[in-house]
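Working notes for the structure below.
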Amino acid sequence: MSTPPTEAGQLVEELGRQARRLAAEVPGGLCRVSVRAGDATVELEWAASPDPRPAPEPEPEAGETDETGETVDAPLVGTFYHASEPGGPPFVRVGDVVAQDTVVGIVEAMKMMNKVLAGRAGTVTGVLVPDGDLVEYGQPLIALASGG
Amino acid sequence: MSTPPTEAGQLVEELGRQARRLAAEVPGGLCRVSVRAGDATVELEWAASPDPRPAPEPEPEAGETDETGETVDAPLVGTFYHASEPGGPPFVRVGDVVAQDTVVGIVEAMKMMNKVLAGRAGTVTGVLVPDGDLVEYGQPLIALASGG
Amino acid sequence: MFTKVLIANRGEIALRVARTCRELGIATVAVYSTADRDSTVTAFADESVHIGPPPAGRSYLSAPALVEAVRRTGADAVHPGYGFLSEDPDFAEVCAEEGIVFVGPDWPVLERLGDKASARELMLSAGLPLLPGSGGVCATEAECLRTAARLGLPVIVKAVAGGGGRGMAIARDEASLPAVYRETRATAQSLYGDGRVYVERYLDGARHVEIQVLADRHGNALALGDRDCSVQRRHQKLVEETPAPGLSPATREAMALAAVHGVRTAGLVGAATVEFLVDSDENFYFLEVNARLQVEHPVTEMVTGVDIVEQQLRLAAGEPLTLGEQDVRGRGAAVECRLNAEDPDRDFRATPGTLEVFHLPGGPFTRVDTHCVPGATISPYYDPLLAKIVTWGVDRRAALRRMDRALAEVRIEGPGVSVNTALLRRVLADPDFAAGTYSTALLTEMLTASGSAR
Amino acid sequence: MFTKVLIANRGEIALRVARTCRELGIATVAVYSTADRDSTVTAFADESVHIGPPPAGRSYLSAPALVEAVRRTGADAVHPGYGFLSEDPDFAEVCAEEGIVFVGPDWPVLERLGDKASARELMLSAGLPLLPGSGGVCATEAECLRTAARLGLPVIVKAVAGGGGRGMAIARDEASLPAVYRETRATAQSLYGDGRVYVERYLDGARHVEIQVLADRHGNALALGDRDCSVQRRHQKLVEETPAPGLSPATREAMALAAVHGVRTAGLVGAATVEFLVDSDENFYFLEVNARLQVEHPVTEMVTGVDIVEQQLRLAAGEPLTLGEQDVRGRGAAVECRLNAEDPDRDFRATPGTLEVFHLPGGPFTRVDTHCVPGATISPYYDPLLAKIVTWGVDRRAALRRMDRALAEVRIEGPGVSVNTALLRRVLADPDFAAGTYSTALLTEMLTASGSAR
């Protein structure tokens, strides 16, 4: 079935994007993906069933880079800091070129400092959250243009 | 948007047929018709609002001929009789040619005898309900082929 | 008990009755007009009969169609719900002649109570307090004017054949009375084929309070508490609650006694509601008897734990009333809101259409009665009631807060469909309503004050 | 009372808690994982916080995420619902340290009751009857075998850190005991990071009966009646009812007294359930304390008229218990059925998917708690509970017939989605269940007898 260049087609495309994003955030065990818009359906199913136990908690230090590559998002709920200490120099400024493992900020949750890594190479085009603000999971923190 | 010759198209056609049939059964005051299948919608709206009072009860003697012209349907709930008296000659037999006002049967409801008229000219191709059976509203009684 | 009951109604009440039948092990027959072919009760019932085209006169109001549907299915009883043929003595008489049990009072009782003038006389003879009035039919305009002069204005002119808030009009001054008299006669003639009217003094600022009564064939009768139904638009109820707020226990008891006595005097068997007007001094006056199930019966069910439809069926089957005062003692308070597909901003005009989104509340102490499902079409042929939301609480305040929570969960959307949810929430927020000091004037005053229903 | 409560849960219970908060005028904060972004409670609540990705370990089980969500929104209390962190002493302790009220018992109480061995000791000291057992942790296989020899077989090996039906296994003969012991240790280690187990005599044909208790900070405690939860699949409850059928009033009272005494001895404040096993001679034995809201709390609510979530909030806010015995006297009977997206024919495997059709019952004396709507997607990350259907009746028979009527109205369809409706109706139709003479063996026997769950 070809996707017509209509609103419905665009909807399907966006749904697909969301599905891929969700799948990317999950450590494993994906079992079925179904995308539907009106009568159009795309469905994928894998043989293995998902693991019912909670996944081992990964050390939340890498920022989640959204798949459009535009932002580095908060890896957990907490307070976002630009610098490692009050008044200290910020980890990154607009225009900085970062590598995958560059620390771009810190999210403090229950007195634990969690480094936020860029996750990919690029150039910082914006710092989206003021220093000291409370952020929720997935909230965009840093705008990042591809390449450097 | 053109209607493709698909299942959806057939669905729309069938929905349209149902809507027309419903509309035909109603004595007046039709206000809005909406036919939808997936994203395809046909909608018609009339300016006058329907009369909230019950319509005056028409004398139920004409059979309701369905719009395909294939059957004469029961105009009310009751007992269907082939003849005007027990053992008498039936009003019609298969092969009979009938006019619009030919009596094709009787439906008795609460001791009232209601004549069933053919409603249109044609040839009787079947008597669908045995003599003395209880019929519900709209139940096909007589099969009728067009012309004569 | 019956083995098969035909439900001569549609919408939420047909499903309501079918549910209790199922719970009692009674087979159910639904009837439907062409417009209701795919209704919820048709899917729910054990059998269904197509009784006619959409106009009620040829389907739900057609006694021959219903009687033949009973014969076709072999049902041994007919439950008429409310509205349609539920208080029609002719239908009840035909059922009796055909050997079908009509789940409601005997037809002579329906006839006596259905004529509002004879019902007044009957209750007067039973000693119930009545508003001063014409004491019978007002046959001429001159008689009407004389009566009004004697009673004092305002007066209300009512159709003898009316009921349920239809066929009545108020005259506030002498000048307007002749027109009101003539118009009410004309309306009554066109609605009921009976132009007779009578006249009563009209009480401003009164409350509409009613008593739910059950009575058996063996001389037992019992009141199941009261309901306040003063929130009305155009004499149609919108919000109902039990117990009626702020009444003294003495008044409550006196009304219950009067209602039970009135029902017994009428020789009524089954469930009935005796309606009263109550003034600010707690004087109460008989209005009419509704000799059938009421729309608002669920509030009484939630507070008393009595299934009123079950009681109707048992009483119609000739069983004696086994409930006593101790079984029907109310717990807490309950309120009902009627969700209608209507536009309060356009004089409550019905807004039929397709329900693309239809989401109703649930959860603790919340009851929902509806025949609608997402995708259903609300037909213009019948009343616009979509659902009844009923909430219970340990007290009135708790029940009302719960109702507001529940109404906030309602999401109903469809092209052209307007629902009165916002107006209902405005009623709950009204200071007089919240204080329980409202009267039948509440809604009119609210709408007049704001110039809008929203 | 609180001004803003964060609900640290998801699904039907998050909505359940939010509803009562709204009714009490308390602002609500919902939290959601990425999988629950468009959930009903997120739409219902005043605010929502995205706390993590779908796996519960990084969202609903993440104490830091929840505490930071509280700080971000300024909530003054956290309601944990059931499951997830509801009985986690570490989370409760962190809340206390951060100045957040945890709506549940104080953390030392959770710690003491969460360790099943110490809870046993505590209840033994309070004089509650216990099944003969190891009297503490069974540290070695040899000790386990000695204990079993002393108790007689069958025995049940239970994880000290277990609860809610997980981390336990039965050994029916001596030969199988070592394997059962080793496997339970391994399971406990992997599920809870705590491999300690203990051993109790196992009762065949016993019933699972629990007492709902409320206790305040001022020394008052009250039982709200009992519930029978013997219909279980793999130690998970499926059907629950109140009152427990067929118990003598003396046993009922003795269990209630024991439960209240146990809760007081533990110093527990809030709502809790004390679970017992009851044998055919009505001897009862302490099993465990669930120091939180139970899934099945609505049956108690329908019978007593008490909103248990409201009580939890009041008690957590330090208010004294104002309810007395006379306020919680039960009326009638209630039963709950859990609608799960699972396939009884495939060992109750969860069947996540999209609910294309989602129609639940309503009407008289019927309560529905659900977070699902048509079109919703059931995620594979969480438990498969779709809805709880609760019905009330004047007696057990009426409640059960009503439940069968209600279940017959359920229509849930979606690709790959299987729902256990038919199995629930089979339970209702089972002669032992209908007679009220069933035990925890009921479901297993039903499934074994038919070779199929349908």
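All chains are identified by letter, namely A, B, C and D, in their written order; residue positions are counted from 1 within each chain.
Rule of thumb we're sticking to: a contact is a pair of C-beta atoms (placed from the backbone, for glycine too) under 8 Å apart; a residue touches a chain by one contact, two chains touch by 3 or more.
Since the structure is predicted, the reported quantities are computational estimates derived from the model, not experimental observations.
> Chain by chain, through touching neighbours only, how many steps does the shortest route from chain A to chain C take?
The fewest touching-chain steps linking chain A to chain C number 2.
> Which contact partners do chain B and chain C have in common?
none
> Compared with chain B, which chain's mean CA position is the farthest off?
It is A.
> Suppose each chain is reduced to the average of its Cα coordinates; what separation in Å results between chain A and chain D?
Averaging C-alpha atoms per chain gives centres 35 Å apart.
> If you average the Cα atoms of chain B and of chain D to get two centres, how far apart are those centres in Å?
Those two chain centres are 58 Å apart.
> Need the CA-centroid distance for the pair chain A / chain B, whole Å please.
62
> Could you put a whole-Å number on the gap between the CA centroids of chain C and chain D?
42
> Could you say which residues in chain D touch two or more other chains, in rising order?
Expected reply: no residues.
> Pull out every residue in chain A that's touching 2 or more other chains.
Not one residue of chain A touches more than one other chain, so the list is empty.
> Taking the touch rule as given, give the residues of chain C at its contact with chain D in the complex, in rising order.
Its residues touching chain D are 15-16, 19-20, 22-25, 44, 298, 301, 305, 307, 309, 331-332, 359-360, 362-370, 373-374, 392, 394, 398, 401-402, 405, 408-409.
> Provide the residue numbers of chain A that touch chain D in the complex, in ascending order.
22, 25-27, 29, 31-32, 34, 36, 43, 49-50, 52-58, 60, 76-79, 109-110, 112, 134-139
> Mind listing the chain C positions that touch chain B in their complex?
Its residues touching chain B are 34-35, 49-59, 61-69, 71-72, 94, 190-191, 349-350, 352-354, 380-381, 415-416.
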